[in-house]
Amino acid sequence: MTTTEARTDHDYKQIEVQEFRLTEEPFYLPVADEVDLFEIAYEEQIPVLLKGPTGCGKTRFVEYMSWRLHQHLGDETQGVPLITVACHEDLSASDLVGRYLLEGDETVWIDGPITRSVKAGAICYLDEIVEARKDTTVLIHPLTDYRRLLPLDKRGELLEAAEGFLLVLSYNPGYQSALKDLKHSTRQRFVAIEFNYPPRDQEAEIIRRESNCSADDAMELAKLGEKVRNLKEHGLAEGVSTRLLVYAGRLISRGIAPRRACQTAVVWGLTDEFEVQRSIEEVVTSIFPE
Amino acid sequence: MTTTEARTDHDYKQIEVQEFRLTEEPFYLPVADEVDLFEIAYEEQIPVLLKGPTGCGKTRFVEYMSWRLHQHLGDETQGVPLITVACHEDLSASDLVGRYLLEGDETVWIDGPITRSVKAGAICYLDEIVEARKDTTVLIHPLTDYRRLLPLDKRGELLEAAEGFLLVLSYNPGYQSALKDLKHSTRQRFVAIEFNYPPRDQEAEIIRRESNCSADDAMELAKLGEKVRNLKEHGLAEGVSTRLLVYAGRLISRGIAPRRACQTAVVWGLTDEFEVQRSIEEVVTSIFPE
Amino acid sequence: MTTTEARTDHDYKQIEVQEFRLTEEPFYLPVADEVDLFEIAYEEQIPVLLKGPTGCGKTRFVEYMSWRLHQHLGDETQGVPLITVACHEDLSASDLVGRYLLEGDETVWIDGPITRSVKAGAICYLDEIVEARKDTTVLIHPLTDYRRLLPLDKRGELLEAAEGFLLVLSYNPGYQSALKDLKHSTRQRFVAIEFNYPPRDQEAEIIRRESNCSADDAMELAKLGEKVRNLKEHGLAEGVSTRLLVYAGRLISRGIAPRRACQTAVVWGLTDEFEVQRSIEEVVTSIFPE
Amino acid sequence: MTTTEARTDHDYKQIEVQEFRLTEEPFYLPVADEVDLFEIAYEEQIPVLLKGPTGCGKTRFVEYMSWRLHQHLGDETQGVPLITVACHEDLSASDLVGRYLLEGDETVWIDGPITRSVKAGAICYLDEIVEARKDTTVLIHPLTDYRRLLPLDKRGELLEAAEGFLLVLSYNPGYQSALKDLKHSTRQRFVAIEFNYPPRDQEAEIIRRESNCSADDAMELAKLGEKVRNLKEHGLAEGVSTRLLVYAGRLISRGIAPRRACQTAVVWGLTDEFEVQRSIEEVVTSIFPE
Amino acid sequence: MTTTEARTDHDYKQIEVQEFRLTEEPFYLPVADEVDLFEIAYEEQIPVLLKGPTGCGKTRFVEYMSWRLHQHLGDETQGVPLITVACHEDLSASDLVGRYLLEGDETVWIDGPITRSVKAGAICYLDEIVEARKDTTVLIHPLTDYRRLLPLDKRGELLEAAEGFLLVLSYNPGYQSALKDLKHSTRQRFVAIEFNYPPRDQEAEIIRRESNCSADDAMELAKLGEKVRNLKEHGLAEGVSTRLLVYAGRLISRGIAPRRACQTAVVWGLTDEFEVQRSIEEVVTSIFPE
Amino acid sequence: MTTTEARTDHDYKQIEVQEFRLTEEPFYLPVADEVDLFEIAYEEQIPVLLKGPTGCGKTRFVEYMSWRLHQHLGDETQGVPLITVACHEDLSASDLVGRYLLEGDETVWIDGPITRSVKAGAICYLDEIVEARKDTTVLIHPLTDYRRLLPLDKRGELLEAAEGFLLVLSYNPGYQSALKDLKHSTRQRFVAIEFNYPPRDQEAEIIRRESNCSADDAMELAKLGEKVRNLKEHGLAEGVSTRLLVYAGRLISRGIAPRRACQTAVVWGLTDEFEVQRSIEEVVTSIFPE
């Protein structure tokens, strides 16, 4: 547990590219036929767009599919490799494709995550794609054409995607502003699957499993989730994610009183507005009355 | 299927410039005399501007022409090389022309796609040109003069375009805002061909061929396309592309129920607005009633 | 005390990474159960968001927790290492993760503060996180997932956080504008603890300890703090911090008259508006009448 | 016709600066005394500003003058060298003056187009100057003073322009916005010549010569030009350039029906607005009635 | 007096860091107890914020204090070193902290002014701090904490400030806009001293000493200063600085008629508005009637 | 007269810093006592601000003073060196001070124009200073203090200006907008001299001398200048400069008819507005009636 890092001549050579395969089955409860749809799209090599609010399970679903898909491919290793990129306003094409770095007397090329995906036949998951800079378009478009090409302009190369490669984007329709919308020339290259929060029983099961709280507490927290999401028209920009309900469950299972746990994990986290906090706390009190 | 990339002293030398010739005839059904017009423009060395909505077939048309044109030139090899660039907000002149990179003790020049086109006598297709940064103008203008010159300022050179070179731009008039318009001093250097979605029978044929669905389903999907495009005045920014109809056909041919296939491939992909989704779904239900 | 810096061949090698462990117990008086909540969150590896106004003690609290936590971990050394970053508008992901620097013929990698935290199992405290550039999101999100990963894109690596690592953010809800808000996809990854200024007796005790002024003066200054914070609706953007009250106490203990000390440390520091200065001075005069 | 580029150690040395002298007389029909005015300005070393709409012949005029002027100078070689720069929003002073590039162990200086002009005694033609970045001002001003100096700040040098050097700017007054105007401190350093489209007979002659169409078709196209330019108050931002009329002539001479040729070369190229297209098409129909 | 600079292999090594100690007592006339306040703050290591209008003597005061303070420290050398930085919109943290520069085969670190101050135990005076870029915050905050740390992120180091170090900021409250305000989280780290122009007699004494004009002229100029500052509500954005009055005195002592001297040094310098110039000239005429 | 530039190993070493001394007396006719004022300011080392409209003779005046001043300094060489910088929106402090450049294995420092001025004891003339970026402030301020220092931050040096150094700024008050004003903390460091166009007889004399036209034509052109400047309230943003009148005189002396010469040199150059052009042409016709 020391922060000292040895800096030797070998330091720079030690780069190893990760194999991002999940080694354990991620916990995922299907809601409808989304697993079938994704499997067919994957086999048909049709790019997929996942739409839905914050924390409703899109990322977990992709992880689950990447773990599950290997059986259908007859692949001995576990699952399809999954490479995830959290997009942001400064994410540029070079960050995704790769760049040259100077090493001593030589210049070496470092593949970016999308290039690694294309070479490895991985699922490349671009989370919140509308946040990325627009030059990423240059990469997405030819990869979604029937020829599935990735231009590496700086190398003067064109890569053809390996068999198992699939491009998956996610975005949150509630977020989009005029400035940050997915252009039609981009979005009309994908089949889309819309997600929403899991139904109450299913969410309770998730909370119980991930927080080790009692089944009763989990059910109450799932109810809380439902009710808070209905507060949206009372000034709440976004519903509560399953993740925050799990946090509340973990604090409860460690002995924090439920109302205090919900205040910390749900109320204060969701909003800074005093009035909205009050509305949520009333919901909390109605569910955990004592 | 491993992501490991060997990094050796030879790595950087292995750059090979692609020969972007299509080796198979792309499927393209002509609508009017656009093939003749393009052939004459190509022979007369008049630059061409393709206008039309998202997914109406502009890119496929250029690919088809690049494959078809070699017969008219008496060239033994297959077609004219085609170099495509998907333009975006950060695309600069250097990205198109090329740049110097440092390699060990030396600096090497890497040709960009427009320079490669000029040298190879290729068709250079700048897709969605209005998205590019304005310094790209400096390249387009002298290439469309009668002298067809490409200035490589950083090398102090002027290149004269090889015989077969042609500059082709595309843009989507429905997209343009005041900020992102093609300047008159640019657009008045091109002949323009306007495209629209293919007529119903022709689109049904395309859907059937590319999705392996039944001729009946293909015809229903083509009808769906027509009707959805008429919803434009009901808040739909852009009509549905043929590509999305093909996706729907492929899902249907894999056993997904038509209404579910259309929801995934057409409804959710086209729009995030609940009301507009409802309108499209009504159209879907009217065509696939069961 | 000379400014001359020897520049030798060894200069660049002398980099030593600091061990940011506190060696003395920072003075902190708990207000509620915030110490318990933080301890449980730390053990449960749930990221923590501290909310509250300027100078109410958030930073001191984190320092205190980093000093206190080692006992619970059975660690022989003192406390958990704490790495603090004051965020600002130009802070980018590279500043946090690290970058390559050229050294002679070689390129060496310099870990940024978040990478050092992840390796060392430290508490990483990002103060005023909303000030940072948005590309920092790419780092925060996977570190708050159950897998606790830090992608080092430039090295093609994924780091798994060491056991003791915890991400702690702070922000001041009074500051936030629409432009600089914490996105929901970020904030729903944290439990939140809201802070406020300490109650009067407790603040007096802090002032006395840190300024060496008399207990009476300390109590008067704490009263002053309370009253000034109530002036908020009279045009004062932000209440007075405990720190400024401590400054006033130190000037008083050095012989400056209380009203002059308060003018210098509180009135002139808080605001430039003449009218608001007058209101605060009236409060000062009512407390230090002579 | 291969795109492969050999990259050898000699690659970077092969830079040759072009001698941009025109070897054939460009076709130019004078309208008034502009040839005399330009000749006197050239001999008097008074910088020249060419004003006029898109495609009215400014560039052709400068080319013609550069070809014609050598006779008056008693120079044995053909004409005065001409160096043309199409200005754009990202064009900076360094692009015009030159910059240092790293070559192996050394840094070499690459002259930009304005420096080459100054050294060669060339006409330096900055087309659409208001598009360039404002740091270009630093170059234009001292070159238009009586001392005709070019500061190469990065080299700590001042160059005195060679005898035959002349600075010529063009701009389109119809384009200028408040943001992109030529500053008075700049424009008051030039004599100005205003251009407009050539009169009908003259334009017909140009169209006939450059398109190989019949004299009748050429005259009809010239009439079309005149009438379309009168549509300006009907929403057409800019008149039709002679160049587009030449394109129409070339399509006609290749067998395309005149109305179709005009649709492609004139209607679709000029505007995206359906109503304005209709107005132009009515003009086309009135001229080519069958 | 030649501009030629020898460029030898030793050029780069000849860097000498200045010892910014004042060797002569700067002329400063105290107005109130500001000297005492500053001395106590310096001994208590409380950072100081100087507020006041342009040219009222803030910079001179800091220079005076840096010269005066050495006696109190029992230091044999003259005064405390003073390092002054005039802040501006492009001043970044790297400018203040330092950066790596490439020298031949090695990279050397060059300390910035704040690092030199921290090492030397100097007074670091950031003049017009609100003009600087916001990333400077990252430096100011930890230096004003009780631990007085300067993070050198690029070196992975933390510096503890040497004993005599003090951070002093200045800013002009009349200037601040909403965009360029000192944030509360910054300003609540300082004691503040407000400055204004010196009273008439004192200003006359300053003018006489610094311009060598007669005592009478100096007194008249001081009156002029007073009256012009009262014109503020007549459209004058800022009062006249003592410096401009000294300029007028120097022109007068060189034989320029007082009204002409005031026109040049005061009227034309203060404003470009004709009406406001007239008002000031009336004041000048009333004081220098002949 | 060839554009080929030899690129040898010696290329980069051949930098010679110019000695910008004028070798011939520039033609300048004094209007008032501006020569005396400037001489005293120069001897008193008081920085000078020249204010006035475009083309009224500010630059010529500085050139004249730099030529004239050597007699007063008892210097054997001709005049004081003059270094002129035309400021623009991208001009930064580094452009003025200097920067490091890489040369083979070494880094060499290249002085910028202000550093060369400070070392050479030159007059440094920053033309249109408000156009420059704000980081230039950091240079101007300490150079106008009584200590006359130039901080070379990148070298860790402070330069004291050589004896003959003087900072001279110019700016055009008619141009300034709120965004581009000289800050009070800057302008209150200068004495200011306001310029205007020369009176009619004097301007006629200038036109005659510089254009070789007849005294009569020169007088008519001077009258034209006067009248055009009175058109300012009719939509003309800026009056006509003496320079444009000289151009007209030169065209007339080469045989161009006066009305045509004025159209080219004055009317078309001054404005693009048709109505304003008409007003000026009426003035031209009234003066040159035939």
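Going in written order, the chains are labelled A, B, C, D, E and F, and every chain counts its residues from 1.
Throughout what follows, a contact is a pair of C-beta atoms (placed from the backbone, for glycine too) under 8 Å apart; a residue touches a chain by one contact, two chains touch by 3 or more.
What you see is a predicted model; the values in this text were computed from it and never measured.
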Practice problem: Look at all chain centres (mean of CA atoms) and spot the one farthest from the centre of chain C. | Solution: D
Self-check item: Chain centre separation in whole Å, for chain F relative to chain B (CA means)
Solution: 52
Quiz prompt | Centroid distance [mean C-alpha coordinates] between chain D and chain B, Å | solution = 30
Quiz item: Measuring from the mean C-alpha position of chain C to the mean C-alpha position of chain D, what distance in angstrom results?
Solution: 60
Self-check item: Multi-chain contact sites of chain F, meaning residues that touch two or more partners
Solution: 15-18, 102, 105, 111, 116
Quiz item: With chains as vertices joined when they touch, what's the shape: line, ring, star, complete or other?
Solution: ring
Self-check item: Order around the closed ring of chains, commencing at chain C, then chain E
Solution: C, E, F, D, B, A
Quiz item: Tell me, which parts of chain C touch chain A in their complex?
Solution: 15-20, 33, 36-37, 40-41, 43-44, 46, 49, 51, 81, 92-93, 100, 102, 105-109, 111, 116, 119-122, 133-138, 141-142, 145, 153-158, 162, 164, 173, 176, 183-185, 187-194
Exercise. Would you tell me which residues of chain F are touching chain D in their complex?
Key: 1-5, 7, 9, 11-12, 15-18, 20, 54-55, 59, 84-91, 95, 101-105, 110-113, 116, 127-128, 131, 172, 175, 237-238, 240-241, 243-244, 247, 250-251, 254-256, 260, 264-265, 268-270, 272
